[in-house]
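Labels run A, B, C and D following the written order; every chain starts at residue 1.
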Amino acid sequence: MHDHDHDHGHDHDHDGHHHPRPASDIELRARALEALLVEKGLVSSDAIDAVIDRYVNDVGPQNGARVVARAWTDPAYRDRLLSDATSAIGELGYAGDEGHTMVVVENAPDVHNVIVCTLCSCYPWPVLGLPPTWYKSAPYRARVVAEPRAVLQEFGVEVPETTEIRVWDSTAEVRYLVLPMRPEGTEGLAEEELAELVSRDSMIGTGLPQTPAAR
Amino acid sequence: MHDHDHDHGHDHDHDGHHHPRPASDIELRARALEALLVEKGLVSSDAIDAVIDRYVNDVGPQNGARVVARAWTDPAYRDRLLSDATSAIGELGYAGDEGHTMVVVENAPDVHNVIVCTLCSCYPWPVLGLPPTWYKSAPYRARVVAEPRAVLQEFGVEVPETTEIRVWDSTAEVRYLVLPMRPEGTEGLAEEELAELVSRDSMIGTGLPQTPAAR
Amino acid sequence: MDGAHDLGGMQGFGPATWPGAEQALPNDWDARAFALAVTSSSQSTHAFRHTIERMGHARYLCVSYYEKWLHEAEQALVETGAITHAEVDAWVDRIAAGEQPPRREDPVATAQLLEAMATSHPMPPAAAAAFAVGDRVRVRRMRPAWHTRCPRYLRGATGEIFRIQGDDGVPDVNNAEREAVYAVRFEAHDLWGEDTGDHVVLADLWERYLEAA
Amino acid sequence: MDGAHDLGGMQGFGPATWPGAEQALPNDWDARAFALAVTSSSQSTHAFRHTIERMGHARYLCVSYYEKWLHEAEQALVETGAITHAEVDAWVDRIAAGEQPPRREDPVATAQLLEAMATSHPMPPAAAAAFAVGDRVRVRRMRPAWHTRCPRYLRGATGEIFRIQGDDGVPDVNNAEREAVYAVRFEAHDLWGEDTGDHVVLADLWERYLEAA
């Protein structure tokens, strides 16, 4: 946080008048709206900075990875996670907007879960941060409810024919996290080491956790 | 037709190099594609001119108006039109593309018919010519199947509550023409006079025929 | 293909009429694009429409009507190998530089074309229609990869056979098969729910789009 | 409102992955647009989404993700009368001319905002659910004028209650009423027809979207 650094908001801009490249229309509009709302007292600059800081630095898939690693190593936690995900995730300190009501869906040899939001871009912020571009894109949202195997193949994920694919469309305020299967060959690993294997996409269902050998 | 007038295609262009206004991208692309296809012998210039001439000068709602006026004045023709519209319309010399199979739907005090093509812009060319912009537009195509009364009100057409509105969606190769009700006060008019009262929109169902008083 | 072209029932487009929306061919290039598409295409009507549907959703909604036809005329010939986009680009540059485009006359072919354009080939009667007038039918749920003429807003809805139109080539297989086409009558509340008006929608549907209800 | 945002099952968009599509906040202005929308909005989530849905079909499909949020942030405040588009335009000119935008600090309010953003308010259990797990239900056909969370591809389809999620405010009436939300399980062939795969789709649907099947 750089609450008192007046240049913080501009360090990463490329549109100052000292810079040769002109600001794009959208960059200018974003800065203009912020200036107007600050001028009118409708937002404060430090709140803008703090919200960005939270979602750039504090909240991201590393949170979800800790949840998954805990569930892999602590059977009682796994049970709590599957029966009341909101509380179990809250135990690790992850809570808030776009994660008020959490449901964790567990992969198994006969079930593979995938998450989408066909109507907009609902995504479990407290455990995964903000959604990547592909998750919000028209192709993913349009196709994965109708042809998940083809989409998963594009992501490099082959799901056995005998495995039921469940596509969860986040149409309401429940937010979903996939609990992937623990990779083979990880018996000796500690929770922190396991967390490093848990990719963001494995918690959406469009990827699998890494194996120790692949790292 | 101006088959041998080499400038015909350019008289109405506004993009010659003698003209100060530069041609738009789309104008240029249309001329370029035509030039290429002529150069390659894939189309002939006189065919392009003739097709335009046909749909600008020969084929238009005046054809449908003659069909309607005949049906209003000749009960036997009306019966043939309603039972086999393709043949009855052919009797007057109107036939061909986008009118291979015609169906005429008759308005009555208890039925008002409206035509649309939600998937593209199907329209009975031989009797109405090429469709107007609004008929091909997203708002008309999207709304008239779901809220025809609201759309008709925007066109200034009030249909009594007790009248059933039938919206015909031209999803296949049948093309529809509405036979509107003959206006009151037209008992003494000849067929040619009646035809002048028949507006294009009255044959789509988004308008009504003019009355003699309104002319 | 379920794309942006499938507009029935969609919302958020604003009013259906606006000033200046009356003209069929508002610009000279509209007329020439129309005539080029009509004279150059050797595709079926279904393939013609599918070429337009593949333009991309946003572009389909943005461009003017005959720009779609111009796209079709160029794209279809590029896909058969008859021309390349680069050849069209080259002619764009030549015309922009002031070159007069060539003309070529073919009065015999033109007369044949006009004759063909003005001749109707009506749909033959249905040879073996599975449904009769008055039968209750349900529109199948589907997600066809190629062109279809079964709009999304009818999928899964129940209606009644109103008229048997005849036999026609099936769009979804580019006319490789023929079958009966029916005008099916739907009550508005069976399409849009209880809060809608009391109008009726009639749509022409191929037999394979329907199942007994 | 059934608009371009309702993408489930639509075709013609190409592959679901492409290079460079990984970043959540690819540009600095994305981050600031995101934070502006989050901090300035006093709308419900439903009204927030509806403001984006009203952008227009083609624009919705064309613009980048946080441009939609920036649109929402501006449009919502214009509609409440707090600001005008002209005031934003004026600041565009001032910043383009080199003026330094103002800053304002409010550490107390910022701390409260962060605390609120990090606090969960889980959905309460369903008080009076009309359906039980295992019940067969059909999604109602509808055409809602305002925002809805019932996607088009589910309308008219039959599924099974899989889980009762709890009670929540109803989007279609902007939280003016509350009712049970259910996870409903659909077999793919009941949504997309016989030619589709054998997967399952689960969607969370408010009670009023459903009827007994």
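For this structure, a couple of remarks:
As a working rule, a contact is a pair of C-beta atoms (placed from the backbone, for glycine too) under 8 Å apart; a residue touches a chain by one contact, two chains touch by 3 or more.
Bear in mind the structure is a predicted one, so any value in this text is a computation, not a measurement.
Common neighbours of chain B and chain D under the contact definition above: C. Comparing the centres of all chains, each the average of its CA atoms, the largest separation from chain A belongs to B.
If each chain is reduced to the centroid of its CA atoms, chain B and chain C end up 16 Å from each other. Inter-chain centre distance (chain A to chain C, centres taken as mean C-alpha positions): 42 Å.
Centroids built from CA atoms put chain D at 33 Å from chain C. Once the centre of each chain is set as its mean CA position, chain A and chain B turn out to be 54 Å apart.
The set of chain D residues touching two or more other chains comprises 9-11, 13, 57, 61, 143, 191-192, 196. Taken residue by residue, chain A touches two or more other chains at 138, 146, whereas all remaining positions touch fewer. Residues 5-11, 13-18, 20-29, 31-36, 38-40, 45, 49, 52, 61, 64-65, 67, 70, 73-74, 77, 82-83, 87-89, 91-92, 94-98, 101-107, 109-110, 113-114, 116-123, 149-151, 153, 165-166, 168, 181, 183, 188, 191-192, 196-206 of chain D touch chain A in their complex. Of all the residues in chain B, the ones that touch chain C in their complex are 3-4, 6, 9, 12-14, 17, 23-24, 26-52, 54-56, 86, 90, 95-97, 99-103, 118-121, 126, 129-134, 136-149, 151, 154-155, 164-174.
Remark: chain D residues 1-4, 9-13, 53-54, 56-58, 61-62, 140-143, 145, 152, 155-157, 190-193, 195-196 touch chain C in the complex.
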